[in-house]
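Just below sit the structures, each encoded as structure tokens.
Next come two complexes built around chain A: one with chain B, the other with chain C.
And now, the complex of A and B:
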């Protein structure tokens, strides 16, 4: 006996963007936890392959060392690792400066190939070994090859179905995170802290490589190739315009407002190049004279709030004289302006959180649960603060830059705090893993990881 | 216990919550966020309480009154937290209504408010189930199972899963009752949640006696049924009142 359809309240769509980021992060964390508990849970599983990786090149931890030795060794390890990452990032800046964007793109595809093919292949082999799954070499090789190639294409081309791209990004994050959990315990913790601090330094210091990269990209108005997870944009299907889908339109030219917007985006999105730190880029919609909107007869202006209640859509500003030129110089719509202001989260963050939770899975389920909730809470709060900050200061371009900068720093500080909290909760348990596995990983793979993050 | 049995116990405790989640909560992102934050808050409260009591446990006497004291203090602090959450919810409701006015959408309907309360309660229930039941399951995977002397007919994990299910039900729906009571000013509803929580907690003391779980657990399920019935009556009453007042929902 309903006279009218149920009125759609704000509860229906509020918070949708946050959920669209929280879900893949949760899936990644869950997969890493499951992998860790399957593959590392059985103490007699696998082999003890003594391996040196980039992260253990300085010191190989063994359970018989004293605490102080372990700490020193872990510090040494992370120092070496951070040094390698710094060098590689500077190399990246140099290449970007020399406009070798194609080379960077290809290298990204290559690193995705390495991660999916080799790391994924090794984990698949471990699983097959564990479950005695009957499959022959040729079938396995064909399947692995197909899987890897589709993954590389998904990362490479922006025309792939968005679900496939998202799925492959989550898989890449999961694989890299799992490999990180194989590091010795102390090295993992100190490495995470070191990467968080390095990230802060690289973005804040005037000579920091990430800052240079962002400024370069800003001045050239280009996008930086990187692996970034982009959530599906929220489509407004209610309201006066009813069912208008925003097209994927590229930004064209720009004036100061949009430049600042781009800088905020690239700066925030770009630091996702390195491991930790929450880097979110959200579109800003200030002065909307969206060509696409005008074509479809939408009402500009306050509509942006209606479409994404929590986070504003980007309203692409176009020069009325030029048409939209889709710029294909990007592997994955990268950083900068995506289509309709969907949230982007760097893959480094996926890996960071999953490593934390994966390490927790080696101890106890309650630690996993508590860490998971803390991470999700922090992520949600960061996203909401970002949205609120955007809304609170829409008109001041400088403060937006500063604001996003502050927000990014807050995100990175949050990462460091989270690390400390997790470390405290772990060290209070003192449950030691009986086997420490060190696996042999080629140096090239670690370079691939550097690019991945 | 085996992995299959472990999954079975976990589903026993959390299965109804999972179906409730899929049916009601997963469609509205805001409710998922409410569920997650509520789980976090209640889990932190449980951790804080266990940290405080860690110094006194295990009790040296075999008497039952230290346990009663433990339950009393824990229930009291949790109910205080529930009232505090109500205050927080009121503020959030104002924010949401202001936002709805700004984007010219209708304000929060009564079903919306009850759904938010349901998500909050489910967070409470899930936190309880994970803390008291699931955390016992994961370290115990292996070929054998565990029986307790005082309840020797069924495995220990099955007992804890059943008790957890009862408590999940109680927590989920008493949040709806409590929030409704606070918003309407209905004294019965306001006192319902603390009383039922305390009664349920005290009823578990019966399990301390030998063979006590045969009596204790059915009584606990009686409390859960009571909560369910009361919540159902309350929701029915409010919805029909609402409809009579002219609103359609």
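And now, the complex of A and C:
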């Protein structure tokens, strides 16, 4: 047992937190790629979706239309989709304002049930049919029932094994992303770009619904009922031991806005309309200081600008004309920080990154690899921007832009970014050593506070 | 020693002196480990439930598992794994361990029954069941009722 454990520096904890976010995103993307490559490999497939969903209500693409027609139709579809998502997001804000959180939570559980039960069941059936797996209906029913119910509980209950909750959120993201890859090709691409733009607007504009939602939640110090993936927080050795670590702390002000916990559980359900707005708010490595501040009850004033976590709002509603399984799911994504500095990433991010990569999987695997690197680079860039600006930023635009450009074979851009990213990670090792001194100063100051209290 | 050297985390020859604060904390943690005490009842550690809440949680999951939900029992055992691992823990309620052992037994029993049935069905095939096999197997059931037509 070491007597003098080496302190964990800012960059070490930051690196670990980034890894804890990048890993589930990668797992989700990988599973969608596998699903897509097993179940449908044709790039132009999905044009004959048997169900009229919200995303194709304006125009159903068929392969015989001209390029211009397809583009117009895709634009129309995306506009309708974004409009519906905006409306539902404002509805969510209204409901949250009227304190109908119980209703929202039940709705979340219901949409998780639909996604896991119906979507999961159908995809499992497709896989069984593909491989002619000799499983009988009783076993299948029991397994599906178990899987669904435990998933609903994981989403519903706040105190469940973290690993189980995280796994189920990734599975939900994967299922919805696979469903989105079934949309017609042009609609998918234009929809991705439209959602990225909506994300920008909803998060950064003062009247944006997501910004309103987060400000409401922060002023009331409540959790937003939305589906958000929360990475396991990095527990520092030097932090206060004993006592249960609080998962959420709201902070105002721009200086110590690091510990913003947006524990939003969003329901992401099947829907053609989804408005992702992702915010990233990362407080790098100042969680120790913030914990001290929180214990002292000190709220740093000064800058009254609220650092709002990235939230992506996804409203998914499937209106099928043939079978009435409507599911309205509000998917709220956001990247924020818990009270111990954990990064939270909204489920819409998972979904749209996976949709991009899943679409790429319909072409060939080099495209998949390139898009994956572009998305991870975009995520890293967004995290860095978040660290610099310390306010909510939309996480979709950068990744979608890079990924789409990759698709159009602008390989030089992502190569440059990748080099930049590698350079940063190598240089961070040198920065780490020079930060030792600052770290020690911070710790001794915290201990001074502790003694005073 | 004073606190200043206590915060000195660079290993140096001068730090060979045993510092009182560091030593006592080391002793307590290692002694706890030797006694096999589970400091935290859940596998999440400080992020999970406290000892008081975990009894209620374990009881609820145990009872819900009887609704043909053995996966809940499995999750229960996974979540409270430290309590299962350290049987002579003095911190946790004695009932907690009873619920966990019950969940573990229930899950293993159910898994044994279900897997034996599934394996018999898969391996036996039509030789064993006759044409009932074709009616029970999932892909035929899905085709008969058109279950995959929703996507």
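Methods note: the second predicted complex is superposed on the first by the 259 of 453 C-alpha atoms of A that agree within 3 Å, B and C clash if a C-alpha of one lies under 4 Å from a C-alpha of the other, contacts with A are read in each partner's own complex, and residues count from 1 in each chain.
Definition applied: a contact is a pair of C-beta atoms (placed from the backbone, for glycine too) under 8 Å apart; a residue touches a chain by one contact, two chains touch by 3 or more.
Just so it is clear, the model here is predicted, and its values are computed rather than measured.
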{"item": "Which superposed partner A:216 touches (first chain B, second chain C, both, neither)", "value": "neither"}
{"item": "Dominant contact partner of chain A by residue count, chain C or chain B", "value": "C"}
{"item": "Which superposed partner A:79 touches (first chain B, second chain C, both, neither)", "value": "neither"}
{"item": "Which of chain B and chain C A:128 touches, first, second, both or neither", "value": "second"}
{"item": "Chain B versus chain C as contact partner of A:167, first or second or both or neither", "value": "neither"}
{"item": "Which of chain B and chain C A:373 touches, first, second, both or neither", "value": "first"}
{"item": "Touched partner set for A:95, first chain B, second chain C, both or neither", "value": "neither"}
{"item": "Partner chain in contact with A:14 - chain B first, chain C second, else both or neither", "value": "first"}
{"item": "Chain B versus chain C as contact partner of A:364, first or second or both or neither", "value": "first"}
{"item": "Those residues of chain A which chain B touches in one complex and chain C touches in the other", "value": "2-4, 6-7"}
{"item": "Residues of chain A defined as touching chain B within the complex", "value": "2-4, 6-16, 18-19, 22, 305-306, 309, 364-366, 369-370, 373-374, 376-377, 380"}
{"item": "Of all residues in chain B, those that touch chain A in their complex", "value": "28-33, 36-37, 39-40, 43, 47, 96, 99-100, 102-103, 105-109, 112, 115-116, 130-131, 134-135, 137-139, 248-249"}
{"item": "Residue ranges of chain C in contact with chain A within the complex", "value": "3-4, 7-11, 15, 18-19, 22, 26, 30, 42-50, 53, 57, 68-72, 75, 78-79, 114, 117-118, 121-122, 125, 136-139, 141-143, 147-151"}
{"item": "Sites on chain A touched by chain C in the complex", "value": "1-7, 50-51, 118-119, 121-123, 125-126, 128-129, 132-140, 142, 145-147, 149-150, 153, 159-164, 179, 182, 232-233, 235, 243-245, 247, 320, 323, 325, 440, 443-444, 447"}
